[in-house]
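Below you will find the structure I want to go over with you.
Naming follows writing order (A, B, C and D), and every chain is counted from residue 1.
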Amino acid sequence: MRSPIPDYLAEALRSVEADQSGATADYIPELADADPDLLAAGLCTVDGHVYSAGDAGVEFSIQSISKPFVCALALADRGFDAVLEKVGVEPSGDAFNEISLEPGSGRPLNPMINAGAITTHTLAGPEEATPEARVERIIDGLSAFAGRRLQVDESVYHSELSHAYRNRALANMLRAHDIIGEDPLVAVAGYTRQCSLLVNVDDLAVMAATLANRGINPVTGAPVVSAKVVRQTLSVMATCGMYDGAGDWMTRVGVPAKSGVAGGLIGALPGQAGIATFSPRLDRHGNSVRGVELFERFTADMGMHLMEVPPAAPAVIRDRRVLGAGHGKVLLLALQGDIRFAGGERVAREFQERPPAEKRVAISLRRVSSVDDVARRMLLEAVRRLTLDGHDVYLIDPDTVLPDPEPGTGGRVTVYRHVDELEAGSDD
Amino acid sequence: MRSPIPDYLAEALRSVEADQSGATADYIPELADADPDLLAAGLCTVDGHVYSAGDAGVEFSIQSISKPFVCALALADRGFDAVLEKVGVEPSGDAFNEISLEPGSGRPLNPMINAGAITTHTLAGPEEATPEARVERIIDGLSAFAGRRLQVDESVYHSELSHAYRNRALANMLRAHDIIGEDPLVAVAGYTRQCSLLVNVDDLAVMAATLANRGINPVTGAPVVSAKVVRQTLSVMATCGMYDGAGDWMTRVGVPAKSGVAGGLIGALPGQAGIATFSPRLDRHGNSVRGVELFERFTADMGMHLMEVPPAAPAVIRDRRVLGAGHGKVLLLALQGDIRFAGGERVAREFQERPPAEKRVAISLRRVSSVDDVARRMLLEAVRRLTLDGHDVYLIDPDTVLPDPEPGTGGRVTVYRHVDELEAGSDD
Amino acid sequence: MRSPIPDYLAEALRSVEADQSGATADYIPELADADPDLLAAGLCTVDGHVYSAGDAGVEFSIQSISKPFVCALALADRGFDAVLEKVGVEPSGDAFNEISLEPGSGRPLNPMINAGAITTHTLAGPEEATPEARVERIIDGLSAFAGRRLQVDESVYHSELSHAYRNRALANMLRAHDIIGEDPLVAVAGYTRQCSLLVNVDDLAVMAATLANRGINPVTGAPVVSAKVVRQTLSVMATCGMYDGAGDWMTRVGVPAKSGVAGGLIGALPGQAGIATFSPRLDRHGNSVRGVELFERFTADMGMHLMEVPPAAPAVIRDRRVLGAGHGKVLLLALQGDIRFAGGERVAREFQERPPAEKRVAISLRRVSSVDDVARRMLLEAVRRLTLDGHDVYLIDPDTVLPDPEPGTGGRVTVYRHVDELEAGSDD
Amino acid sequence: MRSPIPDYLAEALRSVEADQSGATADYIPELADADPDLLAAGLCTVDGHVYSAGDAGVEFSIQSISKPFVCALALADRGFDAVLEKVGVEPSGDAFNEISLEPGSGRPLNPMINAGAITTHTLAGPEEATPEARVERIIDGLSAFAGRRLQVDESVYHSELSHAYRNRALANMLRAHDIIGEDPLVAVAGYTRQCSLLVNVDDLAVMAATLANRGINPVTGAPVVSAKVVRQTLSVMATCGMYDGAGDWMTRVGVPAKSGVAGGLIGALPGQAGIATFSPRLDRHGNSVRGVELFERFTADMGMHLMEVPPAAPAVIRDRRVLGAGHGKVLLLALQGDIRFAGGERVAREFQERPPAEKRVAISLRRVSSVDDVARRMLLEAVRRLTLDGHDVYLIDPDTVLPDPEPGTGGRVTVYRHVDELEAGSDD
């Protein structure tokens, strides 16, 4: 059987193929002369499988899509305080205001605009690194996100550098405000190098999937940045990733995303997948026309909008029954599904509203797939309170979805692999 | 056993109690004279259980927290196009720019600023409704969100109306741009009435929980707005709900939220819960000081940040084995957990990478808690392709997590309640 | 002989007649339906003679041209401090920013934008005046500027008032900032009444000439406002009178001016004349297209640009000679022309560089037309110093251009009508 | 006798000496370490006499005071169109907006802000000049304005250049918008050199006096720029010379002016004098505190406010009488003073309102000091019309204040040196 995913991607590409609106970026020949009809999409799951369709092998410069990843590297290398002191996290609102520095401090509003991205570029790597070493650190880091060694397109690099007046203006302004502490020309050269790295949609899909997978590259298994850094990076992408159309993107597509002027576009679906598209014609915001269309379709088809409230989960309590009788009598509460806050609360409520009459209480996790952190704490607190109320508490946990249970002061729990170990004479 | 939730809420309140920074709103005596030490928190689960702690019974005026709900009513009553024609969805960026109308069109940037909220006020109810009927529609609608009849605080209403020069300025400006089509004074009076509705933290928690529950009030069970309206409303809250601190809130708290000048603050945790706090002292942004602290704590404790990538879910494929032998031989793929896009993809990939040699293929959903829409479509597509490849396909679905399976053209599937019905002579 | 002025005006009108670009104001029918071909110009000299050409008898609403005059009335009635506390004097720079209030204080940037004009409207007349009395004060004041009783066009008034949403927005914003202290609707009604006063180009020329004549109506001779108020009013017109084109107007035309949306335009040529034009088609700034062209022509033809440096005046010292001999010998310094600072300085320098050897020194003012204040002080100081140096000093002043000469401590001067009175035996 | 001017200047300095508010510019040591108590004033008349008081010999860097002079050089060298294409003439309104480029075009709002000054720097000299030649042209030009060779302070130059990040930012932004066409670093280096020229108050007074004297250096007699360039330069100084306080300066001082960050301040009094002050402590706008106070005093004392309406000039018509009788009868109209537009109009009106009965009409200019351009044209037009009405017209012009009178088609005039030449048998 062939997986339906490639077919789906190919069909999605076909559905937008006819749209020839927009134009390639015109400020350097290397971008202006790109084949405007190129079209590709890639998807990487959080367990590391990559699908792609269209011109998936074609490489193009990463441009602004490098911004969230270098921001992540800066957060990882220097810490949150050092980065936030120099770059904000607020959407800039204004498109035409190409400066977007905070009045007074000169701090760029966020790391997704050029001024902020130049700043985070200078914050990657150790503080004492030379500019060359810093660029190496960034290429290493982006390569780690992508899972293969990325190369600089020297021709794009030189062409962009020779047109980089606006970025030099920004860097000088940043230097005037002591937001960056070095020669502005050097900072711009390094930043331009970062933007000239060559990627294809597979690379970008893996990079986005690394964000969707708590910072661990799902293909190579290498940890690139921490989950905390990922959370910050995705948050900034969500509010600032699409320039002045942040609100529009959030309502219509609803995933953290970033676009690049060469036609790339990525989205990260936390816990699920990274997605990338490539089509060089841009709209007036500088986003890929067909890329935006593809993401709107993905959202509609895949329900990946962050604000999409999932349909009601099945009841976390699958069954409540009393096993055995007399001395060995046990109240068994059988749970199911992925348990998060709401599931944990439901279980706690169950014990409050219907206090067990039996001395022995067993909670079966046999049908439970996962228990997240807050749910784990709530279940263990429920165990502790039951103990304090005089109950003997048991967990039936054949797959160890709740490892090392420690119910806290006064709590006590016995773990069994199978309900039979309760010796109550019955099964759940 | 007592539920740990009220204890948790009480303890959270205690942890912020000492902070007396900030000040009550000072523009009307009714708000200025509020007891600044009042402090409460409420939580409502998506299955309708309400917890609260502190001064939970104290009523206060809803103020700006009414904005997302009235925006939802307008979207429901007039449709997306009619509303978006008159109000944008972009964060305003600037705090001090109290006008925030699009140059030229005069369209308010979003429905969470006053200009936008006055506009959505005029868009609630049927187009031909009188202003009085419209206010009634809004009170009815907000009461439906809250699950009880809300009352206007007439003293707050009259006091605010007599100080509403800024809102009258906005309404006149909107009228000048034909964003609203009626007497600006009437619009402001209605909007002020909307803001003067009295609520307590329980009400607000239920209102937020209705958003977290796809628009269905989890306490009364009444459908208030559609899931599509909820998605739009939550999106706008996420990017514009906290004024000029949208990015800061998104990175630090990470839930769609809205604050009010009387000291209320709500957050909606999609699919989980609605949360509300109340503490009248405000920071310079106009948000409740201790409310913001409480939400930061809730996020840290409950892992409710939208960009928090969940830890890797357990493998969706719990087991793959061949049952029986010879003629009756069946390949059984046993799945588990809540299956979303990534799970569906994994199953499809399994059949592609390891094509079944057996003619009969069974997929057991016995340990599956839920299958979302995209996963359902992928599983059924896999069934169809298997059929086309010449297989006989079976679903073992004792709890009907995949009702009415229709694999599409060329596909065929037989559903059993128990694996024994396969008559292969084995069990999963 | 016919004066060439009317011919000049008529010829100027003919030269712009063909230009039909621009459009009448379209926000009320009364302005939109004005005959767009109407064309007139008027000029009033500072001695009160009025010339006009074209449709000089046609009346139109004064609109924004009322602003500088009402500003002058407010300055006269309440004093500079009271007015400047509420309205600034800075150009607004931005055209599209229709609000232009100082961030924080809410003070309108200047009295030539609507927000500032509404504010100065409320500052005319005594503080305790009723709104009705204040409107009467304004009509009286503008009538005094015009030299005849002006009437309100009730139809324009009612039409504008029914469309005055933007002005109501401004007035409410001003009220919110306590810039105005009364009901915003009442302020807007009064301001609209002020704008609806009917004038023709003769009226406007006289009004402008009153400013050009130190505040004294040159036709009626009535003092309307003080010279100090006039200076302030002309200064504000010079920097803010032409909206966002202030710098363009200053460089190209160079006279204090004000335009109105009904097609009027005035300019004041200090000490010379007031000029007015009328042509209803407006450019995108809201200024009369042909009015602007006419003023550019007037500037070129009449050399009325404020920054036009006059060609070098003839030497103030017409002659220096010694009259008589022996005992009666007198040094006679004969001056000429209008003496201002530079002339006074020249005379002082003459005595310093070429100290008189004669005991008797006479200064003849017979050929002097005028002596301004600073020149008077300098001449008298020179007299005083000559006295202290031991000279006897005489003024020959047949026309009393230097009345009541008081040279200050230690100075002494004898005034003669004719040089013969010196009894030196010669003539100048 | 000693001239009272130096005493006046010295007394003015004494009156502000005690004010120690403000602070020296702190961005480079050379300015920060200036002696803050230095205080000087200079005045140069339009006939080239220079007065000064206080620390008049102390040199300091010209800084922004170079801007209007280099703007004048650019206008002279490239023409108005070439300059206005690249730099506007509008006040920027906003102080904190250090960029002030027109949205879209990137054109600096005016040549008095840094972005505009860098632009005009690149427009000085011939288009093909090397940057070095251009700097030489500018030093030559400013030296011509000052009347002596100015020198660059190399230490200030190098110090400023090493801190010139903001100017580099501006220059790069200008380059990005193609407002300047060269290497931004080179432009900034040249501009910084221009700002580092050393001047004292005497130099600045002469430079300002050159503007006040139609572009001719009154000390050296050298023509530096044309009267048309001067008019444009003074206009821009009047509206943009004092940054965001343009309106405040215009109302309170009322002369075209420019300040520099080293503490210099100049004002030009068209047709009268140039004035300069020096005191290093600056207010928050960057203007010299005591310099501003001195100018306010000068305005009050010298009546030099541009909007100060001069008191009514004496009647232009000194006498009207009939000389002789019978055949030789002549109507003699004797004029006086400086005749400008208003005087010319008055004469024309005289002939219209009281048409001469006599065939012979004589106009005596014996008591007239000057006739400006428009008045000359009006007088000659009156002569022409009188001729056409059948009169014989004579001018009595002993001092040739109306040289080469050509009354135009149909007009004819006879010029006499003395009234006796009329042979009417009488005197005026």
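In this section, a residue touches a chain if its C-beta (ideal position, glycine included) is under 8 Å from a C-beta of that chain, and two chains touch if they have at least 3 such contacts.
Here's who's who by UniProt: A, B, C, D = Glutaminase.
Just so it is clear, the model here is predicted, and its values are computed rather than measured.
A count of C-beta contacts for the chain pairs A-B and A-D puts A-B on top.
Between subunit A and subunit C, the centres computed from C-alpha atoms are 67 Å apart. If you average the Cα atoms of subunit A and of subunit B, the two centres end up 20 Å apart.
Subunit D has its Cα centroid 64 Å from the Cα centroid of subunit A. Counting partner chains per residue, subunit C has no residue touching two or more of them. Taken pairwise by the contact criterion, the protein chains form one closed cycle in which every chain touches exactly two others.
Here the touching chains pair up as A-B, A-D, B-C, C-D. Every residue of subunit A that touches subunit B in the complex is listed here, in rising order: 1-5, 45-47, 49, 88-94, 109-110, 211-214, 227, 230-232, 234-236, 238-240, 244-248, 250-251, 254, 256, 269-273, 301-314, 336-338, 340-342, 345-346, 348-349, 351-352, 355, 367, 369-370, 372-374, 378, 381-382, 385-386, 389, 399, 401. Across the interface of their complex, subunit A is touched by residues 96, 99, 103-104, 165-166, 168-173, 175-176, 184 of subunit D.
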